[in-house]
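Read through the structures below before going on.
Look at the two complexes coming up: chain A is in both, with chain B in one and chain C in the other.
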Partner chain A sequence: MQTEAAIDVDHDTFLKDLIAEGLLIPSGTAGVYGTNSVFEKVRLAVDDAATSLADPREAERLRFPPVLPRRHLETSGYLRSFPHLLGSVFAFDGSERDAVEQEARASEHGDWSEFQRMTDLVLLPAACYPVYPAIAERGPLPPGGITVETGGACVFRSEPSEDPARLQSFHMHEHVRIGEPEAVKAWREQWSHRALAFLTDLRLEVFLQPASDPFFGRSGRMLASSQLQQELKLEIVTPISADEPTAIASLNYHQDHFATRFGLVTSEGEMAHTACVGFGEERIVLALLRTHGFDPATWPIEVRGRLWGEA
Partner chain B sequence: MQTEAAIDVDHDTFLKDLIAEGLLIPSGTAGVYGTNSVFEKVRLAVDDAATSLADPREAERLRFPPVLPRRHLETSGYLRSFPHLLGSVFAFDGSERDAVEQEARASEHGDWSEFQRMTDLVLLPAACYPVYPAIAERGPLPPGGITVETGGACVFRSEPSEDPARLQSFHMHEHVRIGEPEAVKAWREQWSHRALAFLTDLRLEVFLQPASDPFFGRSGRMLASSQLQQELKLEIVTPISADEPTAIASLNYHQDHFATRFGLVTSEGEMAHTACVGFGEERIVLALLRTHGFDPATWPIEVRGRLWGEA
Partner chain C sequence: MTADILNEAEITTRVRSVIRRHARLPIDVDELADDADLFQAGMTSHASVSVMLALEEEFDLEFPDSMLTRRMFESIASITSAVGTVTEAGA
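On to the complex of A and B.
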């Protein structure tokens, strides 16, 4: 059983312990794990808590499937910044004879990629992407803008890693604000306190810090440095399993990036700004397991109270 | 507002009404919809109810991500029966110059498929697929076999349709039995009653009937006819939005299909048999909306009681 004394384990040992305890079930592919009822119970409690951080009167709840029309992805500019992270959906396109040949190769674990063609869907890279085109479709924003609470599976991010806190398939919970620039900035400021308070209630050792996204290639380094300088991305980090603390929540101010691309305008006809705050559910669960031990029944009463209302 | 009188609408009208009411949010791609808080509240209640149909003492709860190692899919034989339904995950593989060219084409909504390569993951075609290799990994089954309760997102099934009850991305809840042939057959028989009782409690007009899977091609017709004859697949169907009633649950007896492929043996060293029962969550929600109207607050008290414990 993991105890607080184990906080200095490296990620190899942490992963082995998680597997030995049955909390993670290896699939044979790095960063892809099944989970047991204990892990899932904590994840659902984190999801519920992250949901109820937003007052239902202030946020509209929307859910989107984990596939995104390719056209929206193309419009979003994602491929400029993160071509290396995206998963695209391919499917069979061929004759009955092609299907036989495909199966023959697959049954020998050979290469059957030539029978697969790109579909008009890609895998959702972050929970907030479908929100922008869906809200833009309604026309100009109401006065004061709009807040959306959303979340779900991020099916695939192409970054195979042996670090259990860097999954290829995971769940995010997001809150999204679309409105006038000043209102959006104030909202992100308010949420940085709210998110810190939530994660501190879970007795995690957290720090808020400016951060940058993992932009692709050499030109990406300039984007990252400009993002840092302007403090467009803030992360809440905590020690989990890497040498550096891992981000378990992030607060992103997109300025007019999504608004311009999807045509989001305020009630006054000005270009809107957008921001989002995202919680990485599996990472929060791992941070809890790492900090408080592998048996949630023995976690500090305040933590259990915050997650399951136990007094 | 939809009322019971509307039960004879065709799927075009039903879809338009669902969208007008905000229950479904079009994405621009057929069979891919966002949902609002009303739809999601019902879906989560259906998920909870389907979960608790299994006694936690009799079933082990496991959750798996919506991606499956390609190798497991290849081993399962899925490509022989359903090559036309599978989605495979592709991702970028190239230089910085390739990334620039990919983005240039994508920004004009052109063809950028040549920069994408097959990864070692495919999209989970049904919630039970990861269960078989995960249980096989443990070695021979315990005496009496094992029961698993699982579920989650089925990210993609390649069947674009204008029928809202035929989604390309949806959620399934599954219960899986692995054990001695007689025990597995008896379990499926018991679950056919349990599933019918559950859906009848929801005041849906349901029928249990032998069915066949949508096998691919001409040879598929023989597979389908043999499956029907042996009653390997049972479906619980209800009128939703197509001319024919739609399956909202299915009970599948796989004989030794998965056991042979993944090496599942009983405690006595015999080849195991497997069966699963799956609930289509969005289809059940749509059947409820169609039968009882678009406002869950006005649904029959018995239905609300079954879903939310309202007395």
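On to the complex of A and C.
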């Protein structure tokens, strides 16, 4: 699959090359980058293509901001599974005198946290989280359930890394299915083919494999074991920059996890099941850059055709 | 680990008590045979974590990472065997 312009797999070299080309703009904080217009043009094309994977008659297109009401996060159970990944929003809470002291400390890069108080918001940890409470608010599902497409939502994971394929702030594009258990299972199966076909169309060397989430702590090992054994999570992986291939898409079957927490019931009054398919947009862009080179104008015609309709 | 070596029947009784309190089963644990599948009986993955932590407290032990698997916690018999292995190794 390698072209002449293909990049070394070592992530130090890959990261240096991406920065030298201006594709990534380092911020001084690990895992947080700006991007240039070339990178963004590819990401937006991936975003459009991911939207188009679902017929508009099949999926409702909803968009949510990069912050989530803390109450929804608390209801979701996220803190039990991933307490180490969440970013919470804090804001100033104090007097005028406190504000002066806060600025004095901040201007010297000292500790000004004592003047900050937790707000009602957290940073969005995954694109699908706002979908469950929004749909639950409508009451019982229509017969056959519902499918939602979130677009590329800006999400946050507190995991600083030098690997350009492990960002703290990135765009996750999801399709979410909520409905009867059998329908949800069949949907995920259908989407594993659809997602693989899409990424193969982009001439990426991809593999579908069972996977587990990075659950926290020793109890997390148990949860990961359960998830693997039941094949609740599948990942589509491709070589990007680490020794191991990196996941660029995942297909997650939550059983009734979100449905029980948010009260999602089918038209028959039974507890619904949910599943989601997520695409990591920056990771797909990085995989394309690594595989086909840094200049999209030189990419294989089939890839440009799939992304920009070029013939 | 200073725990005395426990006999299997005693471990089973205490394991059943932990499951009754922490597995959040929709049925009474007395209705389950020692080899019945706890997950099929309604124990969720998260409840199995609560059971694991409660067992460590009950028996004053720490399961090694290699034992923190779904299979190890799938029945009263498999849990009893795991507790027996760890207490024996640490005694």
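Everything that follows uses one rule, which is that the second predicted complex is superposed on the first by the 299 of 311 C-alpha atoms of A that agree within 3 Å, B and C clash if a C-alpha of one lies under 4 Å from a C-alpha of the other, contacts with A are read in each partner's own complex, and residues count from 1 in each chain.
Operating definition for what follows: a contact is a pair of C-beta atoms (placed from the backbone, for glycine too) under 8 Å apart; a residue touches a chain by one contact, two chains touch by 3 or more.
All of these numbers come straight from a predicted model, not from anything done at the bench.
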{"item": "Which superposed partner A:Gln227 touches (first chain B, second chain C, both, neither)", "value": "second"}
{"item": "Which superposed partner A:Arg80 touches (first chain B, second chain C, both, neither)", "value": "both"}
{"item": "Contacts of A:Pro130 with chain B and chain C, given as first, second, both or neither", "value": "first"}
{"item": "Chain B versus chain C, judged by how many residues of chain A each one touches", "value": "B"}
{"item": "First, second, both or neither for A:Arg218, with chain B first and chain C second", "value": "both"}
{"item": "Partner chain(s) touched by A:His193 [first = chain B, second = chain C, both, neither]", "value": "neither"}
{"item": "Overlap of chain C and chain B interfaces on chain A (superposed complexes)", "value": "77, 80, 218-219"}
{"item": "Interfacial residue positions of chain B with respect to chain A in the complex", "value": "25-29, 32-37, 39-40, 56, 60-69, 71-74, 77, 79-80, 83-84, 86-92, 96, 99, 102-103, 106-107, 109, 111-113, 115-121, 123, 130, 133-134, 137, 152-153, 155-156, 158, 167-170, 216-219"}
{"item": "Chain A residues touching chain C - in the complex, by the definition given at the top", "value": "77, 80, 218-219, 221-223, 225-227, 229-230"}
{"item": "Of all residues in chain C, those that touch chain A in their complex", "value": "45-46, 48-49, 52-53, 63, 65, 68-71, 73"}
